[in-house]
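I've put the structures underneath this note.
Look at the two complexes coming up: chain A is in both, with chain B in one and chain C in the other.
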Partner chain A sequence: MNRKLLCLLPAAAVIFYAVKAGAGAPIPPPAGGTISGKVTYTGTPPKMKPIDMSKEPTCAKQHTTPVMTENVTTGPDSSLQYVVVYISEGDPGGAASTETVRYDQRGCQYLPHVLPMQAGQVLQIFNDDQTSHNIHPLAKVNPEWNKSQPAGSLPIDTKYDKPEFIPVKCNIHPWMHGYFVVLNTSHYAVTGPDGSFSLKGLPAGKYTVTAWQEQYGTQTQEVTIGSTETKTANFTFKALPY
Partner chain B sequence: MGKVFAVLVTLITLISIAFFVMHTWWLPPNISTTGKAVDHQLEETLIGTGVLFLAGQLMLGCFAWMASGKTKDTRAKRFPGGATSVVVTAIVVVGIEIFTLTFVGSKAWGAIYLTPAEPGALRVDVQAEQFAFYFRYPGPDGQFGGLHPDKIDDGSGNYFGLDPANDVAARDDIVVGSLVVPVNRPIALSLHSKDVGHSFYVRELRMQEDFVPGLDIPLHFTATQVGKYEIVCTQLCGLGHYNMKAYLEVMSEPDYEQWLKTQAGQ
Partner chain C sequence: MKTKIAFITMALGVSLVFAAALPSGLAQESHVGPLTGNASSGKPLYKRFCIGCHGPAGDGQGENAPWIDPKPRDFTAATFKCRSTPTGTLPTDDDLDNAVTRGFVTTNMPSWNPLTPQQRADLVAYIKTFSPRWKTDKPGIPIHIPAETPVTIQSVLHGRELFQKMECWKCHGPAGHGDGPSAATLTDSKDQPIRPYNFSTGSRFKCGQTNQDLYRIFMTGVDGTPMPSFADVIQPNDAWDLVHFLRTLQTMHTPELALWQKYSSEHASEIKPIGPDAASGGN
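Right, the complex of A and B next:
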């Protein structure tokens, strides 16, 4: 019985890859190890509060349910969203990715709420709304600026050269709030609604993995990984209701 | 030429007056208990200044006509009776009018801005900031939490700077972006600003009051009509001033209680 199954496995693999190839170019599995895991909380997190956008009707009508505050965004099974997990030590770094990072102002919200990027990577900021925005990243290590972006403006092209956690606000809509997370590494991820993350393509080595949550700060773990190994690193933050 | 000018001045005057008499561009209906006195004051001011405007312009038309005779003999050369009498009359008439309006008007103004709110008035705290208004209700415990400007954090919705971790009264405070009030119930606002000068202006309430950083400025009113009205900032406060507004929602008492319950549950 077991042998029969074992014999069937290669056949199943062939069919699987054939189907995948038929559906499109197969994505080669990234070389290197993977660190994945889940970020959760213990305790009672603050309630997410609805945001009243009635003063900006063009934004309000884009949302069927009210947009909630996102400083602590929780999901099912005590998961925490918008936590940046990255390699803080062990990655020699290197040239910034040539890929442009995109940040949107849509429905009077910053999308995504937390945007990680590499130092030196080009950042493009769009205003997709029918109203003016004034984006103001409150950088302390990097140069600080704020720019008005009326409806229909061209995107703002910029970049940050030094690693920093930069709160972003809109000088026109006080509820708009987000973060630029400028990192030295290209190995980073933001947790999804289920709190999960995955750092792929890591060369074998010893790493310090850091998880950063805008309200609860950082946590670190040491992880040693082989060249094709997958390891789990879970993080738990202590949540306070206020 | 002088006669054409005289006719034009008279026509422009009569047409402008007609727009006011016919209320072509008029105020929205008043919805506050004190608004009637303001409207009355405005009406008296408009009648007073309107009569003077009409008299002045018609006289101007007449003199222009009289001074534009074809020959030297038919052309008036100076004011009938001399300029001095006209100037003195104008000063006296306008002076009396301004004094009367101030005297009568100060009573209406004082009744709105210099009287305390009724003891049972519903208290709402108002915070103005670039470029929005936020409103705070005491919540089920009826107590406002203390304000700590260093705790202000717009990103987490703490627009007022509450400290719920250490201040029990602040925990149930309701903070919203619209001013929701029950109809026919006295409302007592306390206005304060986070940053610069702003203004609270609702046309339908016939009310305008400034926010001054560092001051808590009281303002009270009673709305008499259910509806949704615009609150706008009327002090130039920066880049987004044009966009600084909120809504005043006047609800029936049961609707208001329901709204309050929903908010308290959030």
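Right, the complex of A and C next:
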């Protein structure tokens, strides 16, 4: 009789702790390792120029200070913003995320300036402005299309099947520049104003990490991580004043 | 004996490698009306008639290319201006044949009508060998063009409202002279300066000259250029209204223009000008 009850003890313990975990215990972090770092520049980057939106008063009035061009956007401590950092090799890959990525045309700007997504992932493009825009992604590997999106029209749903860096422009408003970055991997990040990035949830293995900046091109690094390791990979681009 | 076997084996091997290396694109076919075009028959025609502008690689880098504007079409991109298919999709063989036959007015691309229909079908087949997209993608489904609605002054006036609301005037200008506020900065997809169509020149549209062609132009977009597709934002009957209005911007004697001239002489004070002043009135 006692032995049988003792055998039940481990089961009881498991049930006890499972209930305790379910009852508001903190969610554990995603399994896997992390590659993180900062993207910075050396040298002198070009000065970004203010954009003259006077030809589109409905947009110009939305900005209290002039909007600057964004091809080389820098931050404190020589950081580079809008750099896409992603796993270019070593990722076994998988089906595209079922989440939708969103692109906005607002104040005659593309938000975000650089939008990464997975090949096959649904992209929704919104026109939040009171003016027409035409959305013209200049794809070369994927099909190139060009659609008018007047003020108040429905969002455009689309997707890209092949990896590619696609410049996006509006012909009506020539200062609008953005990028769709179509990748095979789901492990990607875009650096913020401080130039930092973090690729989480990576299984143990050897990876090639690529950093892409629209003007300075790509750089790669090989990083090997263990299953719960965090490793640093920093990238430095050489900036020229033009 | 051994050397003979070795030689035969080697010859077989080399010819196999050679056969594999032949562009399988030469098996490309086209179907234009009742005709079947063949790429291998189109190749010598291309070399005689097309290569000077479009180049040996079909990339628009022929030896004439630096001297002409607009530049010759780059077939490797598989992006074509005049299609019956939606923006971003491949044209049909008939679309390509129409382009070759009609030529592109106001450009260096002549009308190849003097060639026989079979020759043109063969050329279409060969053109399709320049891009791998023709192997992976099918042509788009041609857009449905409903029967044209009657040409009435209401149709013309509604088309005029659409011209204002869809902001066509931003590139084409309030009177369709190609002088809109955004016209000066327009570039095509190869970053070459390009001008929007000027309706007042009396020239034909690049993609045809009928009302059907005009309908098709703005409902499929002119791929590779700033002209977008309005298929998602204009209803088919509204599209006919826009076609009727656009005819009034041209110099030819058309029923549309006659209706508009009569109307504008009788109702001059009621006509709001097209352009930004009207738009800021909360359109």
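Definition applied: the second predicted complex is superposed on the first by the 214 of 242 C-alpha atoms of A that agree within 3 Å, B and C clash if a C-alpha of one lies under 4 Å from a C-alpha of the other, contacts with A are read in each partner's own complex, and residues count from 1 in each chain.
Heads up, the rule we're going with is that contacts are C-beta pairs under 8 Å (C-beta built on N, C-alpha and C of every residue); 3 or more make two chains touch, one makes a residue touch a chain.
As the structure is a computational prediction, the values presented were derived from the model and not from experiment.
With chain A as the common reference, the superposed partners chain B and chain C clash.
Of the two partner chains placed by superposition, only chain C is touched by A:Ile156; chain B is not. In the superposition on chain A, A:Lys238 makes contact with neither chain B nor chain C. In the superposition on chain A, A:Gln215 makes contact with chain B only, not with chain C. By the touch criterion defined above, A:Pro57 reaches chain C but does not reach chain B. Touch criterion not met for A:Lys206: it reaches neither chain B nor chain C.
Legend: residue contacts after superposition of the two complexes on their common chain; A:Pro143 is shown touching chain C, with no touch to chain B. For the superposition on chain A, the stretches of chain C under consideration are 1-9, 19-27 or 181-189; the one running into chain B is 181-189.
Once both structures are placed on chain A, chain A residues 55, 131-132, 134, 148, 171-174 are touched by chain B and, in the other complex, by chain C. Of all residues in chain A, those touching chain C in their complex are 55, 57-58, 131-132, 134-136, 138, 140, 143-150, 153-154, 156, 171-174. On the chain A side of its complex with chain B, the touching residues are 46-47, 49-56, 69-72, 131-132, 134, 148, 167, 169, 171-175, 177, 214-215, 240-242. On chain B, the positions that touch chain A within their shared complex are 129-132, 153-157, 159, 163-165, 171, 175-178, 239-240, 243-247, 266. Remark: chain C residues 77, 79, 86-89, 133, 137, 165-167, 170-171, 181-182, 185-187, 189, 221, 223-233, 276, 280 touch chain A in the complex.
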